[in-house]
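One chain, chain A, links the two complexes that follow: it is found with chain B in the first and with chain C in the second.
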Partner chain A sequence: MAKTMTEPKQNGHEQTYQDGGAIRSPWKMAWRKLRRHKLAMIGMWVLIVLHLFAIFADFFAPYSELTTDRRRTNHSPTRVHIISPEGKLTRPFIYGYKRVDTVRNIYEEDHTQVYPIRFFVRGDKYSFFGIESDLRLFGVDAPAKIYLVGADRYGRDIFSRLAYGGRRSLFIGIIGLAISMSIGLVYGGTSGYFGGWVDNLMMRIAEVIISIPGFYLLLALSAVLPPGLGSTERFLMITVILAFINWAGLARVIRGMVLSISQQDFVTASEAVGCSQPRIIIRHILPNTMSYVIVNATLAIPGFILSEAGLSLIGVGIQHPDASWGNMLSEALNLTSLTRYPWLLVPGFVIFITVLSYSFFGDGIRDALDPRART
Partner chain B sequence: MFRYIVRRFLYIIPMLLGISSLSFFIMQLAPGDALTTMVLSPDISDEVLNAMRARFWLDQPPHMQYIRWIQRMMTGDMGHSFLWHAPVTWVIKQRVFNSLLLTVASMILSWIIAIPIGIHSAVNQYSWSDKLLTFIAFIGVAIPNWFFGLLLLYFTVSRGWGFPVGGMTSIDFADFTFWEKVVDLIRHMFLPTIVLTTGTVASLMRYMRSNLLDVLRQDYVTTARAKGLSNRVVVYKHAVRNAINPLITIFGYQLGGLLGGAALTEIVMNWPGIGSLMLSAVQGKDYYLVMGNLVIGAIMLIFGNLIADILLAVSDPRIRYE
Partner chain C sequence: MKRQIFVWTLLLALIVSAGVASAVELLDPRILDIEGEYGGAIGNYGGTMTIAGGASGPKTYNPHRAAETSSTDVTDRIFEGLVTLHRDTGLVLPKLARDYEISEDGTEIIFHLRRGVQWHDGTEFTADDVIFTFDVVYDVNVGSNSRSGLLIDGQPMEYEKIDKYTVKFTLPRPHAPIMFSIGTPIVPEHLLGDAFREGRYHEMWGLETDLSEIVGTGAWKVSSYRIDQELILVRNDNYYEFDTAGNRLPYLNRVIFRYYASTDTSTLAFFNGEFDYIGIPANQYPEYLDREPLSRWSIIEAGPNPGTTFIVINQNPTTLPEPKLSWFTDVKFRQAIAHAVDKETILDMAMNGKGYIQHSPINMRNAFFLKDDIKTYPYDLDEAHRKLEAAGYPLGADGVRRDSQGNPIEFDLITNPGVPIRQISGELFQEDMAALGIKVNFQLIDFNVVVEKLTSTFEWDAILIGLTGTFDPNGGSNTWLSSGNLHMWHPLQESPHTEWEAQIDEIWRAAQRAMDPEVRREYYYQFQDIVAEQVPLFYTVAAENMVAVRDHLRNATPDMVGGSVVTAWNFIWIDR
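Presenting the complex of A and B:
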C-alpha cells in the first residue's frame, strides 16, 4: 500500500530546508501529487463552486424555488447590458420585457424601461439553519424580473431553481454514497474476513442485487413509495433506494481486498495478541482499503447524481414543485417546449459539467493515491 | 471446463430464486396488492379478477402466493397485465424485439467504430489525433445518454434534419412495401441508435486504447520488432489480438445489458421498447408486469455474465476454471 512507503526526497536540499527534513505523511504526498494534476484541480474548483452555490442557494438565487409568475411563463433569458443607450459603459442593467406573443410566449425588450441590477438586495424571505433573512446577492426592482437563464412554464426562474435543485441533486450523491459505502465496508469486510460458508452466503445475497438491472430495480422501488410523502421524506427515500442498489457492488470489491489483506502478517500478529475480531476488521483491515474507497467514492458519486436525474426526469424521483436538476429537464421531454424554449436544457449542461468535474477530480485522486490502478 | 459450465448453470437456480423473491418482496411493500388497482378500474370484469385471484392464490398468505407465482412462472405464465389486458409474457415478447433491434444494432456499430479508433489512438499515442479522440471520448463518457438524446432531438427538430423523432414506424407503415418498411424502420432507429452508440464507443475506445498500450510495452512485442517484422504485422497480428481479449468481458456485460441498458434512452427518445414498458408498468402499478420485467432483465444479465466468462476461458488459454 502506498500509505506505508516513505518516498526518498527528490529534489534534495531545497525540500529539506523547507520542512526541516521531516518525513512527509502519505496524505501530504498524495495532496502534492493531486495539486500537480491540472484537470483534477479544475474539476475540484468547479465542484467547490457548485456545492457552495447549492448550499447558499438562498443567497445566490434572486428568487425562491417556488416563486411563480403567471405573466412571465416560459420567459426567455433576460439580456444583461453594460453599454447604455448613449453608448457609454455603465453598471449592468436590464430592460423591461413585454410579451408580444401570448401563445408562443415570445418576449421583447421594452427600451423605455431601464432597471439597474442591484446587489445585496432584499428579496424573497428564507430561513437558513434557523437564520431568518431576505438578503440576496442580486436582483432588480419590481415589477421587472431577472431571468439569467430563462424561466419555466410557471414563470419560475431557472437560475434560482438550479441553485435550490443542486441541494438535492448534488447531495443525493454524497449522502447516498456515504450510506452505501458504509454498508459495503462492513458487509464486504465481514464477508472477506470470515471466509468459508459465511463469505459464500453473504456474497450470494449480494449477487442477487447485482444481478437485477439497476435501473429496473430503481424504477420498481420508487414505485412502492407512497404518494403522500413530504418532500424531505421523499428525498431521503430516494437516497436510500439509490444506496440500496449500489452497496452490493462495493461490498464485493471490498471483500476481495479484505480477503487478500487478511492473509498478511500484521493480521496474524493482531490475532496473536488477542484482538477481538470486530477490532481487527475495523481498526486494522478496513483502513488498508482506504485509498481504494476514496478513489471509488469520487468516481461513484456521478453515478448517483445521474440515477437521481434519470429518475426525476421521467417523473418517479423528486416530485414537482421541488426542484431537482432531473425534474427540471422533464419539461424538455415535450418536443414543442424543447424547440421553443431551448433554455430548458440548461440543467442538463449543469449535470454534464458536474459529472465531468467529478471524473477529472476522481482521475486525479486515483493517480495520487493509487497509481497502479490507472486504466 | 465442462464441469465449470454445469456448475455455473446449477448456480443460476438459487440466484433466480433470490431474484424472484426480492422482486416479489418489493411488490409486497407496495400499498395494496396486485389487484387493488384492478378492482378500481372499470375496464376489468369481475370474472377476470376472480380468475386472477384463483390463479395466484391472492387470498393466501404471502409465502404461499410466492410459491404459487413461482409455480406459474415455471409454466411460462407470468400473470396478467391489466394495463394491456393481455398476459404479461405476450406484452413482454412484443417489446423485447423492439429493444433488441435498437441495442443489437448499436452494439454492432459501436464495436465496428470503437476498435479501429482505439487501435489508431494507441499506435499514434500523443499525436494530435490521439489527443483529440481521447478528449472526445472523455466527454462521450461523461455526457448522460438521455441528455445527448435530448440535444439531438432539439437539433433535429429546430434545424429540420428530417429524421422522425419518437416512435418506431410511420402512421401508414402497414401500407408500405417490404423495402419501404425497412427504410422507414431504419429512419426511426437512426437517432436512438446514434445516442446509444456514442456512449459505448467512447468507453470501448478508451479500453481498447489502454489495453493495446499495455500490450505494446510487453517484451514479446519488442522481440517481434527486433526480429524485423513490419510494424503492421507486429500491431495487427500480435498486439491487437492480445489487447482485444480482455474486452470480451465487456462484450458479456453488453449482452447482459441488451434489455435493461437502454431503458432511459428508450423513454426519452420515445422508443417502444422494454424500458418504456417498464416505466408505464411502474406508473400504472401493473405489478405482474413489473415483476416479469425484473426477472427477465435479471436472466439476461446472468446469462450475459456467464457467456462472458466462458468466452474468456475459451479465448485465453491462461485462464483455467476449476
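Presenting the complex of A and C:
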C-alpha cells in the first residue's frame, strides 16, 4: 500500500510544476505563453482564416477558378452598396456594369440595373472530397457578376482565384515541409547517431546539395517537367522539388542536435536494455529535437510559399489556367497593369500577409517552447 | 619660327585633305524630292536624335553575319544595297546603282553604278565591291541571311563586271521577286577581300573590331558602342544624297540608340523625354493615349504590323506519332478547329482593340496582293462542334471528344514566354478546346527550345509562334514551298507530300516567273485560296503599328513598307 503511494513522488517531474493544485504539461505551459504573445495570436488567427478560406474555397468563392468572361476583361472591383438610391439602409446589392471605354477598359455602374447579393446560392458546380454540389456562400443573378477585388485579363474573379490559389500556395508549404522534415529528420538522425565515416559521408552529400544555388536548381528541375502533366501531378512534382532543395539544411542541424543528445545517459540506457537502433533514433532521440523542429517548421513554411510564388511568377511553377498566388501576381508584372489594374497586385498582398503571419506565429512558438525563457 | 611652322603645317594639311576629297568626285548624286515625293519639308542641319533600340544592341557589325534585327537595325544604316524600297509605296528605287535595265525576257539585269560614291575611308565604290559582295553572299561558309533569297531554283545568278561602273546579272530563268532581294548590303572589297579569300570572312567585324575600321557607304558611321547600353552613330559628311535645295544629307549630326531590357523601362524613359521616338507596344497603348494630350509628342498610327502570329499544327509523318498524325492531316479536323480561334477577344485582350484580324499569309500592308474574299473561319464553337461531329470526332457522354478509333483527342501546344499576344491566344485556345472536349496542354517554353523543335527535332504537336513579314509575297518562300526550312508542319520535303502542297509549289514557281504584276497577283490569289481551304496555320491578329514621335522631329513619318519604325533617317531634322 505504501509502496504504491510513493511511486508517483519518485517520478517527481510533474510535481515540480505543480502550481495551485493543477498539473500542467510542458505543452500546456507553452500554449499559455503563446496566448500571451499578441502578435503570434493575430498571426495564428489570420492563418486559420486563410486556410479555412482555401480549404472551403468551393463554398466561399462565388465562381470557380476557371470561369472566364471574355467581355469583362480587367473588370474593376464591384462596389457593394447598402444604401438604396432612396437613401435607406437595405440589403447589400450591386449595380450592373457596362464597359464605357474598350481601349482603357473602364467599366461604369449602370444604375438602371440592380442586383441584390444573394446568400447560399446555386453557382458553378464543384466536387469536394467526393461531394458533388453547387452551393456557394454568395452570388448575384446573371448576367451581372460580382467581383469583390476585381477581375483579371480573362474576366476571372480574383477573389475566387485567391481562394482556389490558396489551396496550392498555402498547402505547397505544408506538404513540402512534411516531406523535407521527414527526410531531414531521418537523414540527420541517422547521420548524427552513427557518427564516424557514415556521418562524414552523409553530411558531405548534404553539403553538396546545400551548396547548389537553390533557385537555379528549382528552375532547372521545373523546366524539365513534361507538358502533359495534370495540374495535381504538377503541383506534387513542384512540392517534391521544393522539398528536395530544403531538406539538407534541416538534416544538418538535426544531426548536430542528435550528436549531442546521443551522448546522454538515457541513450546509453536504451542501448543497454537492448533497444534496436532505429527504435532508439525514432523513439528516444528525435522527440528531443521536437521543439526545434516545430519552430523551424513554422519559419520554413513561408520559404516554401515564396519559392512557389517565385517559380509561378516566372512561369515555371503552377501553370495557367490553374490559379496560384504566384502566377496570379505575374499578371501584374507590367506597367499598364500596375497603373490601371492595381487589384492584380492583391495576390502579392495576400502572400505578404501570409508570410508575415507565419513569421509572427513562428516567433511566438519559439519563445513559448524555449526552455530557458520559462517564467 | 614656331608659329611659321605651324602655319605651314596647317596649309599643307589643308592641301592634302582637299586633294583627298577631290580624288573621288561625286558625279551621280542621289537627289531626294523630300517635299514632293515624301510629303516632308526641307530642313536645317544639326542636332542629335535619341531612339529606343529595344532590349539589346548589335551582336556584329558585319552585315552578312547579322541575323537578328538588333544587329541589322545598325548595319542597315552603315551599309547599303544597289536598290532600296520606297518608304511609302514599296516600289524598287535605285540606291548605290544610278539606274538599272532589265532585258525583255527578264533574264538579264544591268546595273549602272553611281560614280564617285566614297566608302567612309575615302576609297571609291566600284563594280569590284559589287562582285565581291555577291561572292560573299553566295559562299555557304559565310552564312549570309540574304543567300536563300538570291537563289533561283537553288541556283545562284551569274554576275560579271562590264566596266568600273557597270555590273551585269544573268538569271537562270525570269524571277520577278529578285529585285526585292538584290538590294543586299554591299561590303568593301578593299578591306574584306583578303579575309574572304583566306576563309576568315565570318570572323570579320565582330564587336571587338576598332570602330574606325567599320567602313560602309551609308549615311551613318558607328562612333561608339557600350554593349547593350548605348550606341552612337555619327553623320557621314561625304554622303551622296542631297535634297532638292542642294543640301547634303543627312541633316542630323548624331543618332543615339539606347537599349533597355524591358519595354516598360523604355516607355517610362520616353515619358521622361529621353527618346525622340519610340515604337509603342500594343499593350501599353493606353498609357500613351492618356499622356498624349499633355505632352509634346504625338502618336502616329502606321497600319498593320507586317508580321503574323498563328497556331501551327504538326503534320510531319516522320516524327508525329499516330493517332495525332491522322487527326492533324485531316483537313476537316483543321477546318473545324479553325472556328475555335477567338480572334476578336485576342485583339481586345492583347492589343486593347488596336489591330487587325488576319486571315491570309500575305503581308497586310501589301494590299495589291492581299485577297479580300477568301474563305474565313469566324469564331463559333457550335460550328466547330458540328464540323467535328460530321468529320467523325464525336463528343462522348463524359465530355471527352474521341476519334473513330476511340482515342481521346489531346495534344500539347507550346509557345515562348514574354509575348503577351502568344500567351493570351494560347490560353483562350486551350479554354475553347476544353469546351469542345479536346484537352490542350499549353506550356511556355524558352524561345530557343521552341525554335529547335520547329527547325531541327520536329517533335511537337502544336506551336504558337510568329513570323516577320516581308513586303513582297515571295519572301515567304521558305515557309510555303514544301522544300522550305520553315515549311513548319512538314519541312524540307524532297517532293511534295500532299496534293495541295504540290499545287502551292507549282503556283509559287509560276508566280516567280511572271514578270507582269497583274499575272503574279492571279497566282497569289490562287495560293491564298488553297491556304484558306487547307488551314495549315490558324492566323490570329496583327497589331496596329504605332509610333510616338516628339513634335520637334520633322519628316519623321513611319515606314509604311517595313514596319513601325521611322526608317528614313536621312532627311529627319530637328526644328528648334
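Definition applied: the second predicted complex is superposed on the first by the 349 of 375 C-alpha atoms of A that agree within 3 Å, B and C clash if a C-alpha of one lies under 4 Å from a C-alpha of the other, contacts with A are read in each partner's own complex, and residues count from 1 in each chain.
Throughout what follows, a contact is a pair of C-beta atoms (placed from the backbone, for glycine too) under 8 Å apart; a residue touches a chain by one contact, two chains touch by 3 or more.
The structure presented is a predicted model; accordingly, all values stated were derived computationally and were not measured.
Student: Going by the contact rule set out at the top, does A:Gln263 touch chain B (first), chain C (second), both, or neither?
Tutor: A:Gln263 contacts neither chain B nor chain C.
Student: Applying the touch criterion given at the start, work out whether A:Asn105 contacts chain B, chain C, both or neither, answering first, second, both or neither.
Tutor: second
Student: Just to be sure I read the superposition right, which of the two partners does A:Arg70 touch: chain B = first, chain C = second, or both, or neither?
Tutor: A:Arg70 sits against chain C, while chain B stays out of touch.
Student: With both complexes overlaid on chain A, does A:Leu219 touch chain B (first), chain C (second), both or neither?
Tutor: first
Student: Between chain B (first) and chain C (second), which, if any, makes contact with A:Pro342: first, second, both or neither?
Tutor: A:Pro342 sits against chain B, while chain C stays out of touch.
Student: According to the stated criteria, A:Phe352 is in contact with first (chain B), second (chain C), both, or neither; which is it?
Tutor: Once the two structures are laid over each other on A, A:Phe352 reaches chain B alone.
Student: After superposing on the shared chain, does chain C or chain B touch more chain A residues?
Tutor: B
Student: Would you sort A:Ser211 into first (chain B), second (chain C), both or neither based on which partner it touches?
Tutor: first
Student: May I ask you to decide whether A:Leu329 touches chain B, chain C, both, or neither, giving the answer as first, second, both or neither?
Tutor: Once the two structures are laid over each other on A, A:Leu329 reaches chain B alone.
Student: Can A:Gly310 be said to touch chain B (first), chain C (second), both, or neither?
Tutor: Once the two structures are laid over each other on A, A:Gly310 reaches chain B alone.
Student: Of the residues on chain A, which ones does chain B touch that chain C also touches?
Tutor: Looking at chain A, the two contact sets intersect at 223, 314-315, 335, 339.
Student: Which residues of chain C touch chain A in the complex?
Tutor: 264, 267-268, 283-287, 289-290, 342, 345, 348-349, 352-354, 410, 412, 414, 417, 423-424, 427-428, 430-431, 441-446
Student: State the interface residues of chain B toward chain A in the complex, per the touch definition above.
Tutor: So the residues of chain B in touch with chain A come to 14-15, 18-19, 22-23, 26-27, 29-31, 138-139, 141-144, 146-147, 150-151, 153-154, 157-158, 165-166, 206-207, 210, 257, 259-261, 263-264, 267-268, 275, 278-279, 282-283, 285, 290, 293-294, 297-298, 300-302.
Student: For the complex, give me every residue of chain A touching chain C.
Tutor: Per the stated touch rule, the residues are 66, 68, 70, 73, 102-105, 153-154, 223, 227-229, 314-315, 319-321, 334-336, 339-340.
Student: Residues of chain A touching chain B in their complex?
Tutor: 204-205, 207-209, 211-217, 219-224, 226, 302, 306, 309-310, 313-316, 329, 332-333, 335, 338-339, 342, 345, 348, 351-352, 355-356, 359, 375
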